[in-house]
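Below are two complexes that have chain A in common, paired first with chain B and then with chain C.
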Partner chain A sequence: MEAPPVTMMPVTGGTINMMEYLLQGSVLDHSLESLIHRLRGLCDNMEPETFLDHEMVFLLKGQQASPFVLRARRSMDRAGAPWHLRYLGQPEMGDKNRHALVRNCVDIATSENLTDFLMEMGFRMDHEFVAKGHLFRKGIMKIMVYKVFRILVPGNTDSTEALSLSYLVELSVVAPAGQDVVSDDMKNFAEQLKPLVHLEKIDPKRLM
Partner chain B sequence: MGDCVSQMPVAEGKSVQQTVELLTRKLEMLGAEKQGTFCVDCETYHTAASTLGSQGQTGKLMYVMHNSEYPLSCFALFENGPCLIADTNFDVLMVKLKGFFQSAKASKIETRGTRYQYCDFLVKVGTVTMGPSARGISVEVEYGPCVVASDCWSLLLEFLQSFLGSHTPGAPAVFGNRHDAVYGPADTMVQYMELFNKIRKQQQVPVAGIR
Partner chain C sequence: MRSCYLTGVCTPSPWLFSPPFYVSYLFIWVTNLFLLVQREEKQLEASLDALLSQVADLKNSLGSFICKLENEYGRLTWPSVLDSFALLSGQLNTLNKVLKHEKTPLFRNQVIIPLVLSPDRDEDLMRQTEGRVPVFSHEVVPDHLRTKPDPEVEEQEKQLTTDAARIGADAAQKQIQSLNKMCSNLLEKISKEERESESGGLRPNKQTFNPTDTNALVAAVAFGKGLSNWRPSGSSGPGQPGQPGAGTILAGTSGLQQVQMAGAPSQQQPMLSGVQMAQAGQPGKMPSGIKTNIKSASMHPYQRPSCPVFILAIPLRCKVKKLLGQEEKKNARLQL
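Presenting the complex of A and B:
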């Protein structure tokens, strides 16, 4: 069973529904430097920020057709940072004119025993990967340029191999439901990154 | 922050409220100062039957608790299992997990009462309620300066005896498990969970004065 459908109303049952607006693209390794250079110019002035994260995707299978997916992410280079648990809903199908992919999201910071707890709840790990890259910000927009690494031995994050010869570029905003103007701002920003990278709305279902 | 959470039995012939008043008066005579209120609540979830079939395991109970001492946190625990400390968005996630974890609405239990500060001790006396009925009394004593539980148990015991008298409890199980480990909020929540479970199993406290 899917999670209860999220309407366009910002508040459901006393809590604010947060939506993630997403645009994705990619660049080949040799174009990384020029992209970073342009992003440094366009984005908020801050110390260049890099990250090295380990993400594990957990599934809870019920009698329903589609399992419940939760993503557990931890920082490998920042000691003491909390773990990040994320739920992402199905992309909202609706306005074809909406420029970004929109889906419900719930972000939770947790203590370090998250994986043990998820296993106790009945979740099982489906796959894991390491993400290494750069982080930029412009207002409420977050831009990540990162490489995905496959983990060769389950649980051992030291032996990894790059999944491809490119970097994934993601432009995302987390905002309360109903604020579609956000996707217009994102599209305008994405225009400024052309022709280095083409960011677009990629429907995950079409890839399967 | 060594904590001891225990239950105070209701005095003979008196109601829950009267016993709470007796305790708080004793504390005030000792010199403790009232410092606001507190609330600890606990909701129970069990794995939905539909998930059980494919997992091949017996249903487990998951407790989701909140403590006003840590207003931005949410504690989720399994009996004899791990205790997860998360932020309050965890409650939103439980709503999304409705199909897999069902909340037993009737079993929501909470304790509410006053906080007293006495030097380095923080004492919380609360009335435990399930729905509209008062089911018992909880007493929590925290000794602030110490973080290693086993180091301050004797001091806590002495303090407890000074106002609980013969109702002083034995050492909590969490103290025994990890002698030199640092005590944390998760240990307090485990104690509350055990207390709530004990109270749930007890018979309803007879209310004095009902005709």
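Presenting the complex of A and C:
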């Protein structure tokens, strides 16, 4: 007895169910340059884009078992850029033919008083980190190569330390539900990055 | 046609074969044919243009590859040669695609006949072929307008086809299978050899990623493993990504993780921003101190005096509750 997967749920409320297809991998620091060069060749021709973001993850603990998670992200190097609020659902597992991790995704841009708003709503911040890296794009695919920094003093984004000696590489596509052909394209692209990086679908529940 | 409804028989009326009607029929048919021919000609021209541009590209890349081989012989590296080959193979592929495209007419149906052969220089021809063919004469034509292979090659091909036909389908299938098996054996041997030589340390710098790091980073981004701010300062150093939770479990106050009752003292750490404890993982084992923390942290913010932000938040809160309810229902059903 299983809930129907989100890809089959009807469109309600006037919005389309957007799904995020995700493949992840990592690359060691000393191989970062070769990866960046390869990505610059493979991806769309644009100026290399770097980003420095501060992400905070908020939880709302209801009476039910699992808390509701919202991710708030702000840019630390682009003044005036809006904050970004994102909801990511549980990844849909079970389909072995689908090469990418698929989960429901809702994204919106917000103003700067997002944290106050969430606190008033009853959310509490669970953890935060700083992400610094590069962004590439190929068609609808977005490739991010970034390093995760742990924040030592909560609220102070200047005192950070790197979490590991690797960069996280994420290949993601946000597309309407039901388009599984997207995952084939992602797999083909991931093949081109081997053997530098092995992009694969990693189930976060396995790592808990 | 005058059809007889009563008998169900259609008999062409004599009026239909009268001369004016017949002529108009003929006229329509001829115009249609003409239009068809025109359209085919246009298609032919278009496909010839496409083919010409593809072949020109191929020629250029072949030329540059030859230049590279001749001039940079000393400094040439294998990846660079592979790149050139990849480029050529890609262009051949696109050429094939252009040929197979549904809009290209069958070139097989077209015939090129030389109308005039002369031993004089032809400037036009020189220009079009970029100086390669100066004269359209008797020696040039057999090579350039050839449609069949050389007689010797043709003989060999015929020989091969008769041999193949003589063997018979079963024996041919067996031979194919044995060839495939030998190829796969060879491939396995090569990969085994490669792996063994790698482990022998011949290529020490080849490791470009670390799977433990991958897992640690994914866990950090997905649910904050290793990002907890309340870890005692000495417990795990910055460069140790792959400890599968030994350091984090001790600190254990991250809201999404299952609380392991490893070190009791560390769990009494004050919660700086009221992080809720992990869910119904091990409810019976939670010590009472943490329970009271949950109670205090779950006090509704609605009890506070009204503030403008929260007034706007009421409809959104309902929507969030609905979403939460939906997610819970989904989770509950998935767990069944």
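Going forward, the second predicted complex is superposed on the first by the 198 of 208 C-alpha atoms of A that agree within 3 Å, B and C clash if a C-alpha of one lies under 4 Å from a C-alpha of the other, contacts with A are read in each partner's own complex, and residues count from 1 in each chain.
Basically, contacts are C-beta pairs under 8 Å (C-beta built on N, C-alpha and C of every residue); 3 or more make two chains touch, one makes a residue touch a chain.
Model, not experiment: these values are computed from the prediction.
> Considering only the touch criterion stated at the top, classify A:50 as touching first (chain B), second (chain C), both, or neither.
A:50 contacts neither chain B nor chain C.
> Give one of first, second, both or neither to describe whether A:62 is in contact with chain B, with chain C, with both, or with none.
Both partners.
> Does chain A have more residues touched by chain B or by chain C?
Looking at chain B versus chain C, the one contacting more residues of chain A is C.
> Determine, under the contact definition given at the top, whether A:120 touches first (chain B), second (chain C), both, or neither.
In the superposition, A:120 contacts both chain B and chain C.
> Touch check for A:188: first (chain B), second (chain C), both, or neither?
neither
> Would you sort A:196 into first (chain B), second (chain C), both or neither based on which partner it touches?
It touches chain C, and chain B stays clear.
> Going by the contact rule set out at the top, does A:165 touch chain B (first), chain C (second), both, or neither?
Only chain C is touched by A:165; chain B is not.
> Where does A:24 make contact in the superposed view: on chain B (first), on chain C (second), on both, or on neither?
second
> Which residues form the common part of the chain A surface touched by chain B and by chain C?
1, 3, 60-62, 64, 68, 87, 89, 113, 116-117, 120-122
> For a test of understanding, state which residues of chain A touch chain C in their complex under the given definition.
Residue positions touching the partner: 1-3, 24-28, 31, 34-35, 57, 59-62, 64-69, 87, 89-90, 113, 116-117, 119-122, 124-129, 148, 150-154, 161-166, 168, 195-198, 202, 204, 207-208.
> Name, in rising order, each residue of chain C that touches chain A in their complex.
Going through chain C, the ones touching chain A are 206-211, 213-229, 238-242, 254-258, 272-276, 279-280, 297-298, 300-301, 307, 309-310, 313, 316-317, 320-321, 323-325, 327-331, 333-334, 336.
> What part of chain A is in contact with chain B in the complex they form?
That would be residues 1, 3-4, 13, 15, 60-64, 68, 85, 87, 89, 106-111, 113-114, 116-117, 120-122 of chain A.
> Residue numbers of chain B touching chain A in their complex, please.
47-48, 50-51, 53-55, 57, 60, 62, 76, 78, 81-87, 89-93, 95-101, 186
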